[in-house]
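Alright, structures below, take your time with them.
Same chain, two partners: chain A is paired with chain B first, then with chain C.
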Partner chain A sequence: MLQVNDLHKKFKTTTAVNGVNLYLDQGESVGLLGPNGAGKSTTISMISTLLQPTSGDIRFKGGDVFKKPDVIRPVLGVVPQEIALYEELTAYENMHFFGKTYGLSGEKLKNKIDEVLELVGLTDRKKERVKNYSGGMKRRINIAVSLMHEPELLIMDEPTVGIDPQSRSHILEMVRELNRKKGMSILYTSHYMEEVERLCDRVYIMDHGQIIASGTKEELKSILSSEDTILIEVHQKSEQFIDQLNEHSLVQQIAEVDTGYKVIVSKGADVFADIFEIANASQVKVKGVHVQTPTLEDVFLHLTGRKLRD
Partner chain B sequence: MWSVFNLQWLRLKREPILVLSFIAMTILFVLFIGGTQGEQTITVQTFSDQLTESELDEWVDDLNNTSGFEFHVSDRETIENQLKLSQISYALELNYLDYHYLVGQDSFFINAVNQHVEQVYRTKLRISEIAEQFPDRSIELKDYITIELESLANSVSSSDEGGAHIVSGMTLYFVLYTILFGMMNIAVEKRTGTWDRLIISPLKKSNIYVGQLLHYFSLGVLQIGICFIVFDQFLNYNFGDQYLSIIVTVMAFVFAAVALGMLLIGIVRSPQQLQSIIPIVSTAFAMLGGAFWPVDLVTNKFLQLLAKITPVYYGTEALKDAMLYNAGVGDLLQPISILLLMGVLFMGIGLNLMERTK
Partner chain C sequence: MWNLIRKDFLTISRDRSEVLILLVMPMVLIAILGFALGSIMFGTVDMDPIPVALIIENDLEQDLDHFREDLIAEGLPEQAIEQMIASAGTIDPAASLETVLHSPELSDMIDLKENYDQEQAEAALATDEVLAVITIPEQFSYQTLLAFYLAEETDASIELFVQDHEQIQATIVEGILTSFSDQYNLELSMAFATEGEGVETSISEENFGVINHFSSGKPVSAFQYYTIGMAVMFALYVASTVSSNAFKEKESHVFARLMMTGARPLNYLLSKVVSAVVLTLIQLTILFVTSTLFFQTFTDTGIEFWASLAIISFVFSLVIGGFAAFMTAIAIQFNNDAISGFFSGGAVVIFAFLGGSLSPVEYFSPLMRELGNWTPNGAMMTAYLQLIQGFNLTEFLPMLYRVLLMAVLFITLAVAIFPKRRLM
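And now, the complex of A and B:
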């Protein structure tokens, strides 16, 4: 359905997208995972025909989207990263207007508004002005507006940034339904790996304008098949502890997490004794040490040496 | 296109404060500077050292024959006192063969008074010699020993001229504000992403632009319409009867203003920048273009030249010609086509800049 080949976008000073290849088949739910500034939004802008690529091509159902934007536009839904709504108008009015821009009218438009309002769970607040909404409600209407014309392909650019957990799980559940029940194809962009892990069949991991890894979740995690992830929980963090761990020959990557450190080591390496020894030497009290199954976050850590959220 | 157009009206209905306050400001400023016209009477204190009491009474009766003026008989001493205390601005001294004004303060009305007095003098005396003694500028100012006198010869336009000038200048000035500030919405839409939503919808880009611009165009015409109706119906300003000329001029001016808005949006990088340059541009254009005072009063050649690049200049001049001198659309072809030309030029450059920064 969608093919992106060797896509580049150079701005004056930066190269935001540097050779991206990706594809998406009908009915798939694909994740685009990467930290802030990776080039996700820029990639999406190009796919949605808003931004002309410096080079490379984007094909939708076989046709070049820039030569024939009329093929993709009517069936594409884009949920922008920022809230793109008329805030002085009500949710209903926003949906009504954007529905009209897709040629809906009359009863059909009204029914569709009701249906989508139900879906995002804001039926009883539809007459309120968007500017009085909470962040989570705005996000939901931001999505609702993009669903008015039942797009075949829905592109979501970090649709859950900065909202309450309740709205967030509502949105995730909704996206899943759209994909599973309605067969909507979804390109889901995020820097939260949990979301992508939960929603997507396949994942592209993006960093510095490039796709650094791609595949199904299992394929990606198998990148870590020769490594173990160890979580060390400590009472107090210490620079010295990190430095010494880093010098250990079997330790590959270290990242700080809330409760302590996450360490990637070669598979099967017996480092437990060493960890306690180093902890003792740097006077760090260890609460616990666990071996974890790898997450996509760990894959990213492994590939880049950085955490997704810095 | 119409859905985009209608949406803007809906948005305006939700947040009308800005537009309403610009309309209110137009009316307030005109009231403040120009006062009401027509209905009010101008009172003139009159005295004579030469005429007898009955001769003076006869003169004053004749002068009072027209509505709009009230001439009162008084004496020199009282009048000098009143002038000194600034209770009155000017007074009329009648002689057998000519007349003078004692002037304490600049007054807007003195020219209107003079026109009237001159007319009465001419008809009453019917002496051609005297007509010759009264060329166009017949106000003679007398240096009065204790009273500060100022030359008025150049600085006062007739009251009608002044009125028409204030009405058209102020209306165009504030409509420029409404249009430019209103069009900030376009820049904001580009920032918040609703513009992008429209672009990726099946709507044609040209329809989006036309829908938007048509809204600001009709808003501008509507605002001028409301102001002019208020001035005409409630404040008794005289708009003449060349309505078509006025309407065509207004439309040409509003078109140029909307185009100017596009140019500014194309130039700036952010809505904030736009917000800060709008007052500068509107006020500079209005000042240079003579919305506040007629360009004729400006002696500096360079400033006169600058006036000619502002739409405000052509708008004000054309409106005044239509209101005061009965100019038909044919007579106003020059200013109107210059306005349209400016519009096309601004719009072309603006659209190009806007599409390039995308």
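And now, the complex of A and C:
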């Protein structure tokens, strides 16, 4: 359905997208995972015909989207990263306005608004102005507006940034339903790997304008088949501890997490004794050490040496 | 399209500060300025005597001879002729006008100058040396007599030329002359009425001493002046309101979202023109109607007045629409709303000043006045004021054309500047 070939976008000083290839089949739910500044939003802007690529092409159902933007636009729903709404208008008015720009009217428009409001769970707040909404409610209306015309392909750009857990799980559940029950194709962008893991069949991992890995979740995790992820929980952190761990021949990557450190080591390496020894030497009290099944976050850590967030 | 405009209307009308600027502020200023400056406009202030040139080209003796010849040709008996000439001779328009103007009641209001000929007087009028020129033309008595006695059509009239920018003085001179000509007509009728039979029937209903309007009209009251002044000034804010609203759409990414729906960029731009036109019309209607309800600003007017007011307002709203589109195009193309801020923060006041919204252009130099008439608000203010003074549409049509031209120019520039391909 969607094919992106060797896409590049150069701005004056930066190359935001540097040779992206991806595809999406009808009915698929595909994740685009990457840290801030990876070039996800820029890629999406080009797919949604708002931004001309420097080079490369984007095909939708076989046709170039820039030559015939009117093929993709009516069947594409994009949830922008920003809250792109009229804050002075109510949720209902926003939906009414955008519904009309998509050519809906009369009873059909009214019914659609009611249906989508129900879906995002804001029926009883529809008469309130958007500016009085909480962050989570704004996000939900931001999504609702993109669903007014029943798009075939829904692209969501970090739709859950900065919201409460309740709104977040509502949104995730909703997206899953749209995909499973309505057969909507979804391109879901996020830097939260849990979301992508939960929602998507296939995942692209993006960094510095490039796709650095892609495949099903299982395929990606098998990248880590020769490594183990070890979580070391500590009482207080210490620079010295990290430095010494880094010097250990079997340790490949280290990243700080809330409760301590995440360490990627060669598969089966018996490093537990060494870890405790190093901890002792640098006077770090260890609360616990766990071997974990790898997550996509670990894949990213492995590929880039960095964590997704920060 | 209507959807886009409705949305602009909703978003702008819900912004309390916009409503304050577009409607409340002008209304408050109309009230303040109208009450504070009312007395000045009505001319109760001390005034120097008005310099008036009086030119008498009429020669009573000669006209009487001329009239006698006509009567002889008509074949009237000689005695009747002489009687008629005698009574006609007692009414000398020039003398009576001089008497009136020199009268003690008027002597401290009028500074009469009688040593000019027509040409000199017109030159003096142009340089403001005199503010009015009254001419009793050649054969005035003769023409009058013909009309009265022989009931012939004539164009006998005392001519008055006044400086149009000295409203109060012009009005005073005009008033004096009107009452004089009424009196003269009355005297003339009486003189002939006592003549006996046949004469009454030949007295025409026509009035003489008709005032030739040079460029003067009815006076403008302070409330009328400042209602127009504030209306044209604050209508300018509609343009910056619409363009900064458009920029907000761009900044909050709704513009990009809108473009993704397949909306055409030029349609969007056009919707800004129409939005500004509609908002301006609503604003002007509210201001004019409210001002009339509270201050009786335009009460003694007819349907024709309101129709002309609507036409001027519509033309005005078009230029506001054009300007709104122009600023929208700049703000969106350069991704910077400095233009709206610059316009509403400073340029409006300069425009308003030049256009005469803040103080009457009468106090300006001719160059400044001309400059003011090249601002859209100044040109429209001139048109509105001319309408109030009783001129008809054809006389301020040039101003309307000028403003229409500006509107077309702004829209053309806006279309040229507005990005047609880059959508975010």
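We adopt the following convention: the second predicted complex is superposed on the first by the 310 of 310 C-alpha atoms of A that agree within 3 Å, B and C clash if a C-alpha of one lies under 4 Å from a C-alpha of the other, contacts with A are read in each partner's own complex, and residues count from 1 in each chain.
As a working rule, contacts are C-beta pairs under 8 Å (C-beta built on N, C-alpha and C of every residue); 3 or more make two chains touch, one makes a residue touch a chain.
Here the structure is a predicted model, which means the values were calculated and not measured.
Participant: Quick one: chain B and chain C on chain A, clash or fit?
Facilitator: By the criteria stated at the top, chain C and chain B clash after superposition.
Participant: Once the structures are superposed on A, label A:178 by its partner contacts, choosing first (chain B), second (chain C), both or neither.
Facilitator: neither
Participant: Scan A:199 for contacts with chain B and chain C and give back first, second, both or neither.
Facilitator: Neither partner.
Participant: Quick one: classify A:143 as touching chain B (first), chain C (second), both or neither.
Facilitator: neither
Participant: Quick check for you: in the superposed arrangement, does A:230 touch first (chain B), second (chain C), both or neither?
Facilitator: neither
Participant: Taking the options 78-86, 114-122, 150-158 or 204-212, which segment of chain C carries the C-alpha atoms that clash with chain B in the overlay?
Facilitator: 114-122
Participant: Using the superposition described at the top, list the residues of chain A that contact chain B and also contact chain C.
Facilitator: 48-51, 70, 73-74, 76, 78, 80, 82-86, 88-89, 93, 97-98, 100-102, 129, 145.
Participant: Once bound in the complex, which stretches of chain A touch chain C?
Facilitator: 45, 48-52, 69-70, 73-74, 76, 78, 80, 82-89, 93, 97-98, 100-102, 129, 145, 149
Participant: For chain A, which residues count as touching chain B in their complex?
Facilitator: Answer in residue numbers: 48-51, 70, 73-74, 76, 78, 80, 82-86, 88-89, 93, 97-98, 100-103, 129, 145-146.
Participant: Can you list the chain B residues touching chain A in their complex?
Facilitator: Touch residues, chain B against chain A: 3-4, 7, 10-11, 14-15, 192-194, 196-203, 358.
Participant: Of all residues in chain C, which touch chain A in the complex?
Facilitator: 3-4, 6-7, 10-11, 14-15, 252-254, 256-263, 421-424
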